Structure formats: structure tokens, C-alpha cells
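To start, I am sharing the structure in question, which I have written as C-alpha cells.
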Amino acid sequence: MLIGKVVGSVVATQKDEKLEGRKLLVVQVHNQQNKPLDQYVVAVDSVQAGPGDMILYATGSSARQTTVTEGRPCDAVVMAVVDSWDLGGANVYEKWS
Amino acid sequence: MLIGKVVGSVVATQKDEKLEGRKLLVVQVHNQQNKPLDQYVVAVDSVQAGPGDMILYATGSSARQTTVTEGRPCDAVVMAVVDSWDLGGANVYEKWS
Amino acid sequence: MLIGKVVGSVVATQKDEKLEGRKLLVVQVHNQQNKPLDQYVVAVDSVQAGPGDMILYATGSSARQTTVTEGRPCDAVVMAVVDSWDLGGANVYEKWS
Amino acid sequence: MLIGKVVGSVVATQKDEKLEGRKLLVVQVHNQQNKPLDQYVVAVDSVQAGPGDMILYATGSSARQTTVTEGRPCDAVVMAVVDSWDLGGANVYEKWS
Amino acid sequence: MLIGKVVGSVVATQKDEKLEGRKLLVVQVHNQQNKPLDQYVVAVDSVQAGPGDMILYATGSSARQTTVTEGRPCDAVVMAVVDSWDLGGANVYEKWS
């Protein structure tokens, strides 16, 4: 998994029927120091993530292991909203600070 | 998934029989600000995407989760035509503008 | 899938028994303008591709969806010989020109 | 697999229910000379790895082949703690030195 | 698959039980001209490859299609020892020369 920030969403009405009702989030990938990287992904939301949330996303076949993505043409899923993380014992990000 | 633009198509008569009748699109990958990246992919069309359409494509085993790609040697599928997306609340792309 | 050119082949007698009789092609990856990239792959041939042919190859589990690669430790397969492709309506490559 | 160092951990309470109780480690990827690379991954722990441990992690569907990750939306798993490795006969890393 | 050279091995006693007895090789990735690239992988050996051998390795779920890796948390496998390869009709590498 990689850490990312929810920065937007995609609207697509003409899509594979198995994606009906799925929310498509634009995720900016961040590094472990919480710096935005020059990388993004569009991921299906499985945890009611909102704009600005720091999240974890999983890719590949692992992205289909949630109830909202199982058996669907989806290669990235937001599967956790991050509360906090640390590096070397020092807090890097704290959602509620 | 990543965002891309349909910029061409590939003709291949000598191919695995399971790919018969599948349309092979050349997709230019774009970033979240809608800037073309130095990256492309050839993807099977599953949503009747046309030239110039902004689309989403999925890769890997997830590319085989549509009715037109199931069980076939295809590692990328166009599974949605994008209507619009936003970043930080600001519209980036609008198909019908 | 990506576009590539068959530039060579690999001989390996000491190999997993499930790869017996499979032809291993060295493929130079090309971009959509038909320029060789600094990237290659060794792929199993499933379509009788020959030296110099422009081809499409698929990777990952999708590379095991042909009759010659099914269930085998092979992560890349040549699954089509390209006749032609276009970009923005202009022909980029024509096999028989 | 790649070699990495456990440098932190992620806390996430709002997550896919199949990830309950799984420990999420921040792993700094190292190269074969044991130099940290500009690359990281968040991986589920399956071997009780601790802070500072050098480890191996596996990605993709292979990350779901442990008892703690099977069937879960997890694309990276720490599946070994490294004792030592060598390059060209010379020891590069020794845990107990 | 990519071409690589066996340059070392990893010892790990604290590991997923399904990896017991598997040999973990450090592989330096080479390009098609046999030049070492700034890339490596740790792969399970399935063909009794030895130090210095030029090999092919497969990644992802394809790495689990050998008898020694089936069902195991392993995302890279050495599945062939290379005897030789050519580019454009010219020999690049010959094991027995």
C-alpha cells in the first residue's frame, strides 16, 4: 500500500456496469514524510473517505478484495483512512491534531 | 486506474484467438491536471470509447473483469468514459463544456 | 499491452519443466510514435512472431491466458503481431508498406 | 521481493473490516548494497518484525499468500526478517554483528 | 521476464512457514545488451541456479507457477538458467564460451 491524499473525484456515466454506484476518488500519492509525490491514482472508495483525508490504497488484484470491489474492473481501492503514522518513533501525521 | 485520452487504434490480424473482435485502443496517459504524460498503453475497449475521449483504464488481472475481456490475454481495459473530474473543488475537465 | 519489436531470442535448457518447448523472445519496447524505448522484456511467443515483427505483449497474470502459457511461470506473452496503428488519424506504422 | 527496513507504522481505525488487527508497517526500501532508496511501501506484518529490522516484503497477489493476509485488500506483506545477505561472496549485512 | 545475474543470497530464519527450505537469491537485473541495470530483486530459486549464472526471473502471480513456489508468499522466481541470447542475429551472451 501507499499513502495518499484524497484531492478530487471523477464522474463517469458511460462505464462498465459492474462499476455502477462506485465512487471514484482522485488520490495524490505522498511519501513517508508526507510530501506529495508526482504520482496519482484514481481509486474506488471502500471506506467513506472524504476530501482531504489521508488514506491508504491497495492496487492490483488486492484492490478487488473488498465487498464494494469484488469481481469488478478496478485496480486500485482506498481501503483505510489514516489516523496517524510515525517514522523512527517521531509522529509524522496526526489526523486530529 | 489512471486517466487517459484515446489517441489511436491498433490493427492486428495475427493474434490470440481469444482477442478476436476486440478493439485495441492507443491511450495517452494524462496526469490529474489533465497534462499528457510521457506514457501510453494499448487497452481493449469495453465501453465504446471514441477518438479523443478522456477515459479511465484498469490494468493487470482487473483488466479481465469485464465481459469483453474475461479470460483473455489482455492486461489493460478502458472501463469508463470520463464526463468530468475536479481537484480541490475546482473543475479540471468537463466533457460537455 | 505495450508495442514492441522482436529483436532476439533466448536459449535456456535448464528451466522449469512447464516452459519446455516455449519460444522466448527478446522484445524491445517502442512508444506510440514507434520510437524504441530504453526498456525490454523477454516474452513467450504465442502467435508465431518472427524477427523484426512489431508486436503487442501482455504482462502479469494476463500473460497466462493463452493456450501456450496457461499455468506456466511466464509473466509476459506476445499475443499479437501488429499490422498497423494510427495516432490522431495519421498512420504511424504499416507492416506491408 | 525487495529488501527493506522497518522505519515506522500506520494507525488507521476507519478501514476495511478484513484488515482488523493487522499491523501496518512503513518500510523503507533498500538496495542490494544496503543503501536506502527513494522508495517506501506500507506492508502488513506477518512475521512479528520490529522497528529497525531488515526485512523482505512481497507485493501483489503474492502478498495474500500468508495466513494473516489471505483474502484481504493488502498488496504488500513483510514475510521474512533478514539475518544476513552477501554479494559476490562478501557479507553485506549481518543482523547479529 | 527479465534477464539477471545471480550475485548473492539472503538468509532469513524468521519467515513465513511456507518459505521454509526455499533458497532466496539476490539477482542483479541486466539489460538486453547484458549491461547491469540499477535494479535488483530477491527471487526464489526453482532451477538450481548458482552464483554468477545468467538467469530469467518471472514476477507477480506468475512467480507462483512452479512446484517450489505454488501458494507461497513469493513474488519473484528464477525459472530458467540462460545458455545464450542474441540480438539482431548477433550473439550477446554464451554461457559456455
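Order of writing sets the labels: A, B, C, D and E. Residues in every chain begin at 1.
Methods note: a residue touches a chain if its C-beta (ideal position, glycine included) is under 8 Å from a C-beta of that chain, and two chains touch if they have at least 3 such contacts.
This structure is a prediction, so every number in the text was calculated from the model and none was measured.
Think of each touching pair as a link: the shortest run of links from chain B to chain D has 2 of them.
As for how the two copies chain B and chain C face one another, under half of their interface residue numbers coincide. With each centre defined as the average position of its C-alpha atoms, the distance from chain D to chain E rounds to 20 Å. The distance from the centre of chain B to the centre of chain E, each centre being the mean of the chain's C-alpha atoms, comes to 33 Å.
For chain A, the set of residues touching two or more other chains reads 59-61, 63.
Judged by the touch criterion defined above, the protein chains form a single closed ring in which each chain touches exactly two others. The chains touch one another in a closed ring; read from chain B in the direction of chain C, their sequence is B, C, E, D, A. For chain A in complex with chain B, the residues that touch the partner chain are 7-16, 18-19, 24, 26, 28, 40-43, 51, 59-61, 63-64, 71-76. Within the complex formed with chain A, the chain B residues making contact are 1-3, 31-32, 46-48, 56, 58-63, 65-66, 69, 77, 79-89, 92.
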